[in-house]
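Here come two complexes built around subunit A, the first alongside subunit B, the second alongside subunit C.
Our next item is the complex of A and B:
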């Protein structure tokens, strides 16, 4: 008796087994121990690694924003001004430089950063009693 | 890399030495300022994996000031690891045993729990008074500003300054001032 329906296809999964596992082993190539070579262990670790990769894509953005904020705070403190005052002064003077570039300026272009800090400090002084 | 850039690199990553006078300072608030310098958070090149922290020398830890009734109420916990090995030491007791320990613990706690904490603590130098070894004090190039103004005690003011201070009245000869309790 020959079944010609799709029922037969249930157990035949995808491409050839060797190639299917090879895709997973390539992703597991840098793992430690048996997780690199045993398929049943490798597949678990690869799934977990892909979840981490997906989450980290979002977390990287906030981590970097936090680092830039820390660096700008340090740069602004060198000129005696706080982070929020510095950023507010730039914003009110229509200077639209993002945090990444401000952090770069603080480290690599201290003279430019000092000029920006001076603009913010003048703005704070001018609006002190308003 | 030109020689000028090379020297600039050295100067950027050189460890600085800061000094902090703990006299009449709250250790838990001071720890925030000290940790900032120990970790290098005050530099625009900061990165958690960048080893850019500085050295800090804390002097006069014997003369710290705890707020409120913390000298008698704050307890420091220690456990030897053996059954019944727990002990609670009050702040005044700990301070009388080791005048450096309260400041050290405040900073250690503020550093946060990570693997770098013990290495960062090696860059902290605590002294109960202002006797700092010469090989340490000669490195110092900057001072961390105190968070609180150290008040002047009336028994430390010279007598002729008090006598010549302008006053609006003299106390009557039979007046007895209220004694402090």
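Our next item is the complex of A and C:
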């Protein structure tokens, strides 16, 4: 007995070509020029785009951390204190608000941020001569 | 002409209340309790904070007379901190136990601020001081994130798809329940489970 169907199944693997390509074209729908419509070009740029998306999910975190640091530095400078002094003063006083929220406070709640700056300033001045 | 009139009103300090009434009349009346508190007229009110007094007395007086106004708070939930105010909706990522419709009281309040004063916790405020009420309104999965690794000319390609459980939380109200500096034996973190 000859099993022709089994042999055919091994040969024709995966979904139909049209459906396979459709997945890629869907992701390439917003690309520019021939990269949107020609499969061999589209797949290249889709791969790149996905790699970028994967990598930038990590990079986003460090980018935001940098932004928060900038905002806190600017907010602290308004009250005549440096970034590291400000953060150190808060941590030594057991205030554990994270950088994201400190940056938010610096931008949107200047009065609250001022009182935080005062706390660190007091700490810095008390410990200056130690 | 009407605009000129408003500006004229705003410039004269005695008629601030008139102006706030003007805005109040423009408001669409809402039924919900916390929305009523958020009238824009409040921001025009002259501050009741008297800087000559002792700050603790001052704040306690404001709390007693219910003059604290709209509050915001920095709360610690599920390993992350959020700055919230009443009516906010926040998205919490990752596995978190509470289920749909649960009414929660958020106990880890790091900071609570109003227009005139700020209460700062070291690291959190006393349990009975600030009451932050929240409701779980949605439990679902996030959008699909594609994790794709690729090396050219090396026949190396890995693709994974990942979705995280997410919880959507609505902040119902933020209230100051007790007076500041009343409980002398300040509570440490002993009763808080992390």
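By our rule, the second predicted complex is superposed on the first by the 118 of 130 C-alpha atoms of A that agree within 3 Å, B and C clash if a C-alpha of one lies under 4 Å from a C-alpha of the other, contacts with A are read in each partner's own complex, and residues count from 1 in each chain.
As a convention for this text, a residue touches a chain if its C-beta (ideal position, glycine included) is under 8 Å from a C-beta of that chain, and two chains touch if they have at least 3 such contacts.
Given the structure is predicted, the values throughout are model-derived calculations rather than measurements.
Novice: Overlaying on subunit A: subunit B and subunit C, fit or clash?
Specialist: They fit side by side.
Novice: In degrees, to the nearest 10, note the angle that opens at the C-alpha centre of subunit A toward the centres of subunit B and subunit C.
Specialist: Nearest-10 rounding gives 90 degrees.
Novice: More residues of subunit A are touched by which partner: subunit B or subunit C?
Specialist: Tallying touched residues of subunit A, the top partner is C.
Novice: I'd like to know which partner A:106 touches here: subunit B for first, subunit C for second, both or neither.
Specialist: first
Novice: Classify the contacts of A:64 with the two partner chains as first (subunit B alone), second (subunit C alone), both, or neither.
Specialist: neither
Novice: Quick one: is A:51 in contact with subunit B, with subunit C, with both, or with neither? Answer first, second, both or neither.
Specialist: second
Novice: Can you report the least C-alpha distance between subunit B and subunit C in the superposed arrangement, rounded to whole Å?
Specialist: 7
Novice: In the complex formed with subunit B, which residues of subunit A make contact?
Specialist: 67, 70-75, 77-78, 103, 106-107, 110, 113
Novice: For the complex, give me every residue of subunit A touching subunit C.
Specialist: Answer in residue numbers: 47, 50-51, 53-54, 57, 93-98, 100-101, 104-105, 109, 111-112, 115-116, 119.
Novice: Contact residues on subunit B for subunit A in the complex?
Specialist: 41-47
Novice: Would you tell me which residues of subunit C are touching subunit A in their complex?
Specialist: 72, 74, 81-83, 110-111, 113, 118, 120-123, 145-150, 159
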